[in-house]
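Take a look at this one; I'll ask things after.
Note that the chains take the letters A, B, C and D in the order they are written out, and that residue 1 is the start of every chain.
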Amino acid sequence: MKVRYFAWLRERVGRAEEEIALPPHIETVGDLVGWLKSRGPEFEGAFENAAVVRAALDHTHASLDTRLGQAQEVAFFPPMTGG
Amino acid sequence: MKVRYFAWLRERVGRAEEEIALPPHIETVGDLVGWLKSRGPEFEGAFENAAVVRAALDHTHASLDTRLGQAQEVAFFPPMTGG
Amino acid sequence: MAGQASFPVSIRVEEAPFDPTAELARLSGADDMGAVVSFTGLCRGEGGRLAALELEHYPGMVEAELARLIAEAGRRWPLLAVTVIHRHGRIAVGEPIVLVITASAHREAAFSAAAFLMDWLKTRAPFWKREIAADGTPGDWIEAKADDDAAASRWDAPEAAQ
Amino acid sequence: MAGQASFPVSIRVEEAPFDPTAELARLSGADDMGAVVSFTGLCRGEGGRLAALELEHYPGMVEAELARLIAEAGRRWPLLAVTVIHRHGRIAVGEPIVLVITASAHREAAFSAAAFLMDWLKTRAPFWKREIAADGTPGDWIEAKADDDAAASRWDAPEAAQ
């Protein structure tokens, strides 16, 4: 699965995207966040405040309890500030 | 005093404007309407439905009880339909 | 409703067609101009029934009333510029009739002021429309709509101005 | 939020500056197009503090999300055309960032749809702004505003679609 990061989340985790092999029992976006946070302090820091992290599955907004299902790409980013 | 008429009011009274010498005791826009209606059937017809007649004094919206005061120009017209 | 606006105001009432895009381009952005809203009102053909509209107006009062409406908008919202152009005479189907442009630092003020100006212009600026049928025959004067009165009256209460 | 709009839609997400007036001119008036509203969002200088904004975006998702927002607007109001252009990359003070154009038969639909699209775009389209100071130094990421969330949420209830 491709994971992408944007804006200050990208800066904090130190990469724009990566391919990950999903470990077993990771079923929802929230499960994935929990697993990512276990990978090191840069992830722990980036995801420490869940209230300001947004997610998308295959280009569609998702919430922490959205199931990953067959999604090819998951993205994490701060609240949007376009327009 | 100059009196001007617009749109279907102009058509019904058969003129776009006229100079009138205000008779005594005509103090408000409503008084003037009453006097105009006494001038003939075209005025009687034009002003028969007071609810659809608007007035302005010197280019400012006025109501039936607005006093004519020193106004130089009074205008009568239907509800506006610009824009 | 008295008083002058404290920002650049352009008011034009004219017979010739105008180009809304050229008018929008005329607006030079100040450092703090973050939002520009434009409204263009066009002559509808009503499914081929009409060739044009004929607009009568009250010269002098139109300009004075538009200036009063713009000054009122300036008291309600922090505006940086306003343009209002309104045509009179014969306006063919597809041509613009009216253009309102409002500029502000933020979008809410620009949107609200533009909607307010259009709603009040419709019920307060002395213009009257008559239909010209597809075969060129002058038709009826258009009647004022209760909808337009309702749209204008939503701005009556001071608390509606935010 | 699924589905396609039934009217002409133009969505562009690009780095180069665009000309809002040229985009407005591109809209050809249908017989029943009586109202066109445009919103242009410009880069403010914040009193000389900023030189530019740098906009990061999520290619692919931006276009998909904008298409969903426009389709939703089309379900709420009888629209005849919608254009949305949004830039990314470096945007100098005074330059346009975003343009939304909505066309309808009547002004209320065009105004409401434009305001709706801007409110939802601000909170749902994946763009992130960072300040570039007057001396060229990259500054902070701009934080999302509670005001913008409030503006977006006023469209949540179906009855707010009027």
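To be clear about the criterion, a residue touches a chain if its C-beta (ideal position, glycine included) is under 8 Å from a C-beta of that chain, and two chains touch if they have at least 3 such contacts.
Source: prediction; values computed, not measured.
In summary, the chains found to touch both chain A and chain C are D.
For this pair, chain A with chain B, the centres built from the Cα atoms lie 71 Å apart. Remark: chain B and chain D have CA centroids separated by 48 Å (rounded to whole angstrom).
For the pair chain C and chain D, the distance between C-alpha centroids works out to 23 Å. Among all residues of chain B, those that touch two or more other chains are 83. Each of residues 41, 107, 118 in chain C touches at least two other chains. Two chains count as a pair here when they touch; such pairs are A-D, B-C, C-D.
Residues of chain D touching chain A in their complex: 41, 55-58, 60-61, 64-65, 86, 97-98, 118, 121-130, 141-144. Looking at the complex, you find that chain D touches chain C at residues 19-22, 24-25, 29, 31-48, 93-94, 105, 107-108, 110-111, 114-115, 118, 151. Put simply, chain A touches chain D in their complex at residues 4, 6-8, 10, 56, 59-61, 75, 77-83.
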